[in-house]
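Alright, structures below, take your time with them.
Here come two complexes built around subunit A, the first alongside subunit B, the second alongside subunit C.
Take a look at the complex of A and B:
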């Protein structure tokens, strides 16, 4: 994921749509048109207004609304993301995250 | 791809092997829109990103691909990481209001669970001068497909899935678009070869997942016989490009 995407992304909640914060956990540099650019592999996107969090997994920003994150494969993948980065994810997200945490 | 009746993560495993990007379609789209290096373009329901990457390679604009299926997006991302791909449904795009210059959807509409909500959300994120291009097929165009000849049940299935053009126009206007302009386009005829048979064999056309096993086997047998008898299968694909201006 490119960092410039954060200039455009907004919270998925229709009653929020706030600008979002980004905390990068894993990235690598790659060459693009002769320049070294940062490519984000894993990161936490969080909403400073409503408190929702979204993962960047394998370079893809997962920006689904709550109802599509609560079960099935998506929930497993996103829970695994929290487990993988639980030393870095803020405690309030791990405990009481929106739409879910690790508890 | 969108809230699911078909498992698109599963489909992605074969889809990408049998469905390539469509340069003629992408050129048709670009002929209808003026983009600059500052423009923001979104491909809604980009699947494995074939048309996204094609279009992005031809313009200076920033291009972003959206899809609800993580499996499809992983395939897209493996090809090229210069284009951001975002997992989101078409009816809940994570952008603020009036942020996008141009949106396009190629053969996506029939996958959507809530077309009115999708049009409403795309209209919300488009700038006041923004536009949307929907590539789809009218019911008459569905009837004239090669797959409709061999798998007639698929035409009936798809006419249920695809809203006809007048319905699309009406929904776009109700969603807030100010003008709608549908255009039909017929591609140069191509002779369908073994790659067509392979696509059918792997169920690379999503409507083949929706017909009965008997209807599929009957059509497949007829198609294989046509190839064995060296019948020349000439096909001119037809599409409707529905342009909507905010």
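Take a look at the complex of A and C:
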């Protein structure tokens, strides 16, 4: 995922559409049209307005609605993301994250 | 809830070749100076790859992370670029108003109840520039198959919408648009072309009205 994507992405929660914050945990550089560009592999996207968080996993911003993040494979993957980066994820997200944290 | 994740896990790249009309569409887009394209329901990325090769700025989203992982790998293998997001089409799109010059959606938007389809169309209108292009394809309801194994046992849940009780897309809604219905649902678009493609899907090329 390119960093500039954050310039256009908006929170997809109903009626929020706020601009989002990004905290990069893992990235690599990649050559694109003769230039070295930063490619984000793992990152935390958070919404300063509604408080939701979204993970970037394997370079893909995962921005599903809350109900589709609460169980099944999606929940397992996103929980594993929080576990993987729990030293860097803000404590309030780990404890009381929206839609979930590490409990 | 449609389980596309399971389908992509089992089948991988369901489609590899681009829709047969994509080369013609590319010429139309080039002539109109289209730059940014959204592939709504991009799946494993056949059209992300196609349009990225054509030097367009390509974005795509899909509900299936498995499909998107395959798309990202395909793009990487071909040394191409596109931005992909995991997102559902019946939710607000995470893009600004008037952002894209063109939106394509191949065999995707019919996989919902009409209420959700209308939300998707409204979001397409929002993110597409005035005068921007829309190209969609949707299936046409055919006669009941003679071979019982090919019968998806369609169960009608609302006018024009059926949920297969068997077959590979069991449990996933299929809305079968009539031509008149497409004209009504996309009334904020000027329809340039409406036709059946070689796979007997109904196609519509349109531009968003000013």
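Following the convention adopted for this analysis, the second predicted complex is superposed on the first by the 103 of 103 C-alpha atoms of A that agree within 3 Å, B and C clash if a C-alpha of one lies under 4 Å from a C-alpha of the other, contacts with A are read in each partner's own complex, and residues count from 1 in each chain.
One rule holds for everything that comes next: a residue touches a chain if its C-beta (ideal position, glycine included) is under 8 Å from a C-beta of that chain, and two chains touch if they have at least 3 such contacts.
Here the structure is a predicted model, which means the values were calculated and not measured.
Colleague: Putting subunit B and subunit C onto subunit A via the overlay, clash or fit?
Modeller: clash
Colleague: Just checking: does A:17 make contact with subunit B only, subunit C only, both, or neither of them? Give me first, second, both or neither.
Modeller: A:17 contacts both subunit B and subunit C.
Colleague: I'd like to know which partner A:8 touches here: subunit B for first, subunit C for second, both or neither.
Modeller: It touches subunit B and subunit C both.
Colleague: Does the superposition put A:74 against subunit B (first), subunit C (second), both, or neither?
Modeller: Once the two structures are laid over each other on A, A:74 reaches both partners.
Colleague: After lining up the shared chain so the two structures overlap, which partner does A:58 touch, if you call subunit B first and subunit C second: first, second, both or neither?
Modeller: both
Colleague: Taking the stated contact definition, name every residue in subunit A that is touched by subunit B in one complex and by subunit C in the other, in rising order.
Modeller: 1-2, 5, 8-12, 14, 17, 32, 57-65, 68, 73-74, 77
Colleague: For subunit B, which residues are in contact with subunit A within the complex?
Modeller: Contacts found on subunit B: 3, 9, 40, 62, 64, 68, 70, 73-74, 77, 81-82, 84-89, 92, 94-97, 99.
Colleague: Spell out the part of subunit C that touches subunit A in their complex, as residue ranges.
Modeller: 1, 5, 63, 65, 68-69, 72, 81, 83-88, 91-96, 99
Colleague: Which subunit A residues qualify as touching subunit C in the complex?
Modeller: Touch list, subunit A to subunit C: 1-2, 5, 8-14, 17, 32, 57-65, 68, 73-74, 77.
Colleague: Given the complex with subunit B, which residues does subunit A contribute to the contact?
Modeller: Answer in residue numbers: 1-2, 4-5, 8-12, 14, 17, 19, 30, 32, 39, 57-65, 68, 73-74, 77.
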